[in-house]
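First chain written, first letter: the chains are A, B, C and D, and each begins at residue 1.
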Amino acid sequence: MSLTPEQKAEIEEARAETRQTLRPVAPALEEILYTAIPVLDRGFVRVVDYMGDDAAVVQAARVSYGRGTKSVRGDEGLIRYLLRHRHTTPFEMCEIKFHVKLPIFVARQWIRHRTANVNEYSARYSILDREFYTPAPEHLAAQSTANRQGRGDVLEGAEAAQALDWLKGDAEQAFTHYEAMLNETPAGETVDPDRRGLARELARMTLPLSTYTQWYWKIDLHNLLHFLALRADSHAQYEIRAYADAMLDVVRRWVPVTCQAFEDYAVGGAHLSAAGLDVVRRMLAGETVAQEGSGLSAREWRELMALLGRD
Amino acid sequence: MSLTPEQKAEIEEARAETRQTLRPVAPALEEILYTAIPVLDRGFVRVVDYMGDDAAVVQAARVSYGRGTKSVRGDEGLIRYLLRHRHTTPFEMCEIKFHVKLPIFVARQWIRHRTANVNEYSARYSILDREFYTPAPEHLAAQSTANRQGRGDVLEGAEAAQALDWLKGDAEQAFTHYEAMLNETPAGETVDPDRRGLARELARMTLPLSTYTQWYWKIDLHNLLHFLALRADSHAQYEIRAYADAMLDVVRRWVPVTCQAFEDYAVGGAHLSAAGLDVVRRMLAGETVAQEGSGLSAREWRELMALLGRD
Amino acid sequence: MSLTPEQKAEIEEARAETRQTLRPVAPALEEILYTAIPVLDRGFVRVVDYMGDDAAVVQAARVSYGRGTKSVRGDEGLIRYLLRHRHTTPFEMCEIKFHVKLPIFVARQWIRHRTANVNEYSARYSILDREFYTPAPEHLAAQSTANRQGRGDVLEGAEAAQALDWLKGDAEQAFTHYEAMLNETPAGETVDPDRRGLARELARMTLPLSTYTQWYWKIDLHNLLHFLALRADSHAQYEIRAYADAMLDVVRRWVPVTCQAFEDYAVGGAHLSAAGLDVVRRMLAGETVAQEGSGLSAREWRELMALLGRD
Amino acid sequence: MSLTPEQKAEIEEARAETRQTLRPVAPALEEILYTAIPVLDRGFVRVVDYMGDDAAVVQAARVSYGRGTKSVRGDEGLIRYLLRHRHTTPFEMCEIKFHVKLPIFVARQWIRHRTANVNEYSARYSILDREFYTPAPEHLAAQSTANRQGRGDVLEGAEAAQALDWLKGDAEQAFTHYEAMLNETPAGETVDPDRRGLARELARMTLPLSTYTQWYWKIDLHNLLHFLALRADSHAQYEIRAYADAMLDVVRRWVPVTCQAFEDYAVGGAHLSAAGLDVVRRMLAGETVAQEGSGLSAREWRELMALLGRD
């Protein structure tokens, strides 16, 4: 992470002033409000604002006049029931807003989640900082041989060194050319008075996908949990998972009961098809069941047995 | 409006406790937070929570590290510029949550706005209160003769009295049958032990569209302004306009600068087509322009002349 | 169902003319295109248009230049894989448009699915036909005693007769008053020249929730399957389930491979939490597992045992 | 544009087979269905499927049983009325699906339109072709001096040559390193058996934002017109405007009446605020109006006078 002294001062100033409100407050989230949580080599996630707490989920589910709380225990039971049975609308009643700094190739995966609000730093309007992502050695992985869409073991030795050299070298060179084509300092001063400077909206296209960008991103709790279920998952690319993991810690501070239910039900769980469920029932009843006659294809059978720990 | 003593107590309790927060606060909105603003004969709008303020719009537009404010005057200029040029995403960064009590026929118009979150009181699960909308005499209007989709003059005399009688009488009778079919008091006690009671999800279908329902409704500021532009408009049905007007007062308390810009640009403004704009330019240059040759149809010409105050 | 001769003629005319196209065609769906499939006592579902077929899912998943098909068997495997692993975006690439006639209380449940396009018949602009839903005797159910949000056994005898009387009587009376207040025939002729007629937008509010309305409803295949998973489910109210069942038959004609995969994976399947999955694994390994120590609450345990057929 | 012989053959094969359908057909669109319309140096837009035509807009607005057409002239009047008065839902009832090849920096602007369905070619799963965008000399523009977010004059001479050299050179070098890090040919053969190859999801991040990607993109007519209003506008970056212009030609073939109304009302038109409208009315009435007292700020006044051709 790389905040300038000015940015640090802005954050500290925002944290300095306490106000009075009648709204619900999440104390553990207030503790870290505005502060930048480091992710990857130069990225971060900051919570900029939030609306609601665990009780707000209950309040909406009951369409209540007051805070909606009957008892802490009753609320917890209701939240777990709602999440387990996929009654999703009450979780849409909480909202959170993040400021995120992230590499562009991560931003491109992230933006596929459409049910959110976004304001991105404009490289048509402004000049991007010389900041790009370089994987730490332990994350420089070979292509998986088993999975076309995944990583295998860590790359080592000369091949790793060469890859890192190219990743860094290409990015450094592209930024040098970017700045030279702009013919302008970040502060807006012309460098060479005899040149006119290429338009920002064109110059940026030489920059690599590892370049860092930033955005404000606002989403409701239900859609955030859906994002986290997909992106904090082991099938997600490591780089976006690093952000999802940081945000999951934020959710734990914000709505601890909902977060616990989410981790209990969504993370590490699995969906069984009707045919798969039937296989399980028959096995539990003592029957010997084979793929043939199970109604499952060979591939589905393998996936089920792996899930049941019987491969 | 008709809050029970229990509901009033819940609202007062919610207003009693002040908390500390580092988040932005809208003081004029805090003044009315949770309180029910009466609309129509028994409906209301209550603000239950909100996120952000005018400065949050600026903060998102600048993707800033701090509060985003340079100067109050600079912020105002930027907000007006963004709204005038339809840069809508920064306005999506503020969010508000309402509790609304409204007749079902109004709810059916309202729900057409899809970019919002909703939790409605369930008549499958719960029993509806005996509450329905009856128009005040000054809102009991005849069908417009000029506009198939509008109201004309107020209905008076025997015809008005008859209509009110039927509207009230049908609703009263339907509620009486509803309660009798349920065979259950709102408190959940069986009335006649020899009857089983019709399922709630079926019994409700005898109720009229004037029946009041309630929901929690959450929306971002951009989409709320779009809702208000359509529903606080003179073409909207009076009953939903009454809600929109109440909500516009809420927006004024919440984000006064944005609200002023909205009223200046969106309310009372008009869109001119390229051909219409050309007619205006030629007229301003002293030319006499006729419909023929203007590129406008007779109907478009009439609409333009009415807009320009020249009919 | 109750189509007028004019409506029948319009449908037949639409079915009379065949055109040439280069687009994919679903022959089994063309067989029923435009025809009204009866639902409930007077409702229907009609397919008005569609885009894509099973191969279009494959084509989009492969971002291919041609039709996307490698082999029928290969396509089927890919479609099943995509659906099983919730890769949902290729299923968004097919679209279907329905014309639906349905009671208003069903329309209110239906519209909660926001990711669709809707054009509803306007009762501000037009006069509604005298058509309302009355449950068939076998669907006139008592309130469930086990489930606050469900039906129990069929209601019989005097109680059933009374309920049907009220449901029909209230609706008939409301329609009579509606028409009298409008003072206008459906053809637009004034009835009593000495009266002015109440505005349509007001008169409608005396009508019951059982009144039939109509709309055009357009949705992509992914969101339609999500709708059907919720609404063709046994927990859905019977009346909306009747529509979902009719639409599931339509989907089978349209995209048979996708529909089969949907029925195999989504219908009748279940989600297991990580803790629930762990219980299953231990039981399959021969261990005796009790609720205590399982990490499941008593209620979660009961739900799991019921699912596994061990209660 | 650069289609391989295989891709051309796939397109020709798709165009070879005509089918029968009862659905509406847009003949002028069928003429170009599947064919690639060149955009920029190597990009294209192809229509892959569509649903509906001008008459389908009318049909939905009328919630009709047949094709919805009363007369060609009546339909045209209704379509123009709907578009002029922003009754947008009937236009959502037509849908179109494109296959687009476009530079990544254009894709990033494009994806900000959220109300669409997208399937993008995956660089986690597949290897990208060595294809990147280089501006033609006449599009290599200097930064605008008047507008922070725009282009000025064309860059010429040594500065232009240098910029083109860097843009091409950086991209060529990045692709060479990308391929070397992958250690795999596009056909999937290992290059150097002693190396393992960097994971595709990592290697891609060295590629520049000028790299071409592809996607399937599906959208309804209303949202497409909104996209075109913003992206075929002179304030849009030239590169995305080139795509919007090509798509506007497609819309003209698909729904000519709607397209004409869109061009008449949306393109080249302008929104007047209530205060601005008042100024116009007073000027037309012969009054001399000055900024002071007009209710407009100095900037708003300048914008209005420019619009009216009086600056």
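By definition in this document, a contact is a pair of C-beta atoms (placed from the backbone, for glycine too) under 8 Å apart; a residue touches a chain by one contact, two chains touch by 3 or more.
The model shown is predicted, which means the values in this text are computed figures rather than measured ones.
Looking at B-D and A-D, the interface holding more C-beta pairs in contact is that of A-D. The distance from the centre of subunit B to the centre of subunit D, each centre being the mean of the chain's C-alpha atoms, comes to 34 Å.
The centroid of the Cα atoms in subunit A and the matching centroid in subunit B are 35 Å apart.
Separation between the centroids of subunit A and subunit D, computed from CA atoms only, is 28 Å. Residue positions of subunit C touching 2 or more other chains, listed in rising order: 118. Taken pairwise by the contact criterion, the protein chains are fully connected, each one touching every other. Within the complex formed with subunit C, the subunit B residues making contact are 103-105, 107-108, 111-112, 114-115, 118, 122, 124-125, 133, 135, 140-144, 148-153, 155, 159, 162-163, 166-167, 170-171, 173-174, 177, 180-182, 184, 195-211, 237.
For subunit B in complex with subunit A, the touching residues are 3, 6-7, 10-11, 13-15, 17-25, 30, 33-34, 48-52, 56, 59-61, 63-67, 89-90, 92-93, 95, 97, 99, 117-121, 214-216, 218, 220.
Listed in rising order, the residues of subunit A touching subunit C in the complex are 77, 80-81, 84, 264-265, 267-277, 280-281, 283-285, 295, 297, 299-300, 303, 307-310.
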